[in-house]
């Protein structure tokens, strides 16, 4: 751990990814989302919570070239489960898959959530479909004997995700919605602020602004936090350099780090949320871009 | 990647350096090869063409750095990379250990940058040759891109050829954004280029309909992918027609063995696969196998026989 | 086409000529308009930009004349058409009868051809203006394309402006296959062009993997469709940036209202829809309606307000 | 009729085309082909035998921009039936459509087969899936009181098409295959040569070489023939000029005529089969291309 940081960078996953053509064995609309189940044994066997898969989209005649990254929700019995929100053309195509269809998928990708400090009570915070990415983690933590509190938040009730799964696994689950249509009205931080003091680690997945709020709250209380970020990705495997954001490394220096291979899980106190999408002079190599100390 | 054995001799050469496969990565589309290891046998492909390296480490541009476009994408990475020291210390030894050939892409903003990089790479184990990425703004000419001016382009190539290891072939990488690509090709060959890589991306722009501003931080970006394949093939065709004895590393939208075949028939003796890797990380091995099968079906005993065949 | 009423004022102008819609056909992609009648209200669109006409009737090139490419196509029609007499006798009266505006694209192989065509079109009813297709080989300059040389391009435009009806605006149609499109734009504007149409197709090539020869009879062809949209947008952006007061008719891969919006935001005051018509013969009316709705959603009271907005 | 020609150019259809999004109501593999049935009432009501429809292919994310032209086999009860052979990516996509899927289709397109001379016995000749395009015509001719003889040919038995439908409608049906796997071994001309002398008109649809052979045989015997040609099309509606071939007009001059709007049905004696894909000096406007009388 670098001086002043509560987290160490997440280590790489145990197994390298594979690329497979797999069958969709389940497709179920869940409120605003579609839950897809894939018969992808090799991916299921390798996956660790926090990792994601990347789908080729649009079929054989597709004009969409880039893969779509989707967090792994759970794995079991050779089946990988993901929850997809129809955002643009690629994710919409994914939500239209039906059992029997085949998809080309690469995974598991990215670095998993690091293990919690021994005996720590863990707080899991999911925003929108981000909650799906925490279900596998909740199960793993419970199995390892950790107490687990979970918060799921969303703009409205239909955009909540995986609440039932989390309820089955976690010791306590709090729900918030911006419009009050389910659970408490307000942002997840409402519940996070209450639960945080009793927790020894925080894991979060969801929109950037939520991640920032949760990470800041945790850091302020001296609690290590790990966030799974979502940056626009072209390849998902670390070769294109499109998915970068400023992250402080173990040497204390900030680099534009690839969220696909150096993330998506980063120490919450290491992501420079305010500087995402900009280039500040203290980023390694910014001087060569003409951005120098003012 | 498992190379299916076909009767076709797939060996080719980059300048004077023999390679076992005509299929290479494209600069900037496979980083330094490492991340492809789970999907591709790096020693079996022609070479890993590395992300263009400059003298100093570079952060690259702020995000957003890409926009998907119909059958393609726009990128504006800004040559993020570790600089030549990082490359020499970390990436090149890693590739050499695995028996993978590196074709090192170098970039700079003045002629001397290129020459210094070439000098630093002399005799480095595993470096099969250099690709000179002249699609960079020339700071000494109001930021005009070297590749858009035959004189500036040949200045770079001449300086690199003079500074580089004589055993390392140098390929000049041409931009399609010119009125007359043949004249640029001729100029850099006259200046000492052993081969030509073509094409680099086309300059493009996408506007975000929500923000109503250009999507990319860098405003314009480079268009790549199958969308540009006909333009790339036209460039290869024209240059091979004019300079039939100059080796060409063809690229631009190659996604299948039949796409690669088109480049070979048009005059390329090797091909780079760029954006397609984002779609299919196993693309290189697959394309090698598909190309071998396609050549066999068409009665070619070797890749070399097919090079430029469409002109005959 | 039923134009959905929106609050947005969609009127615009081609040079000095007002038109009710910013959506036009693209030359060569809707013939002379007739065949679109079952799908589109020809009087409601901005104008029918007619297939480029030359002095004499032309058979065009032998087939194959097209190849499909990823998100685009390559064509090599060779300007098949009835010649100026056929146009004046048959097509233009037919359009005029229906209240449709014709924006007549003219083409030639020497400067005088263009001038003669412009003279023949003086005062012809229903002719809203001329589009000067300078992407043709110049027989007096070893077949170099007029649009690739600022001098040749401005010679054509000056001659057309001198010969044409002063009430008819003339738009020069630029090729993207140049190192510096802004310099060509500047030259033709200085020579008297009232506006700029951009872009024409990119030069491309496809090789047939079965015959192992170029797919098209003409070897190379013009690449069009969504594949080239980022290149077209970049050209419009660059030229509007340099010449903000020159009207631009934007085109290249427009398929939806949001695509058209990108061109408007980049600086086009009207757009042409070409290849997309092959995919969707009702595209013009749909794109007009989608563009109107998109402008309304974004709070624009008129199309004019949005022109060039991305530069602000 | 121009002096020396047995046919007049086919007149335009009675109704203009429409563009509709329609539902697939039937999809049935038939040997090497797939028969699709579309609930396309407006097209069905307007269609005349010999016309075709043009499909957008690949769905919403498609990189295939151009429509695919497919002959109308039959219409009835608001349903249009077509038979599709999987040639490349677009037609393969079509053969994968299932009932309930929707497709965007334009039609009916092109000029229909002209009516036969009063009382004439008609010979219908179909090659491969070309036979499908003759089924509607066979029904129409029978209803109008004409005697109908049909020949269906193909490379092999599995590439024969619509034989059952033609057998139900025509007075006699002959089948030929190149390999003898069904009917007589040989080309359709085998049967055509025998049937032709008794016929007053010939209608043919199939590969170009077959059309040429049938047209030549008919013309040699002084029988008018109409052929539905198949040229590579980009738009199908007459605006792109890609689908041209040299055809002699009613003024006796040869023009490069659009097979989509001036065809696909042409007088068999008016198509200059040997000159397809070339440009000869006597084509109107060839001089402007630099091709002049030798």
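Remarks
Order as written gives the chain letters A, B, C and D; numbering starts at 1 within each chain.
Heads up, the rule we're going with is that a residue touches a chain if its C-beta (ideal position, glycine included) is under 8 Å from a C-beta of that chain, and two chains touch if they have at least 3 such contacts.
Because the structure is a prediction, the values reported are computed rather than measured.
Relative to chain C, the most remote chain by averaged C-alpha coordinates is A. More contacting C-beta pairs link the chains of A-B than the other of the two pairs A-B and A-C. Chain B and chain C have CA centres that are 34 Å apart. The distance from the centre of chain B to the centre of chain D, with each centre set as the mean of the Cα atoms, comes to 47 Å.
Across the assembly, chain B contributes 70-72, 225-226 as residues in contact with two or more other chains.
Contact with two or more other chains is made by residues 63-64 of chain A.
A complete topology is adopted by the chain contact network, contact being made between every pair of chains.
Remark: chain A residues 63 touch chain C in the complex. Residues of chain A that touch chain B in their complex: 16-19, 56, 63-67, 104, 106, 231-232, 234-235, 237-245, 255-256, 261, 276-279, 283-289, 291. Those residues of chain A that touch chain D in the complex are listed here as 57-64, 89-90, 92-93. Chain B meets chain D in the complex at residues 70-71, 226. Interface residues of chain B facing chain C in the complex, by the touch rule stated above, are 67, 69-72, 74, 148, 177-180, 202-207, 209, 212-214, 219-221, 223, 225-231, 233-234, 237, 253, 258, 261-262, 265-266, 294, 298, 309-310.
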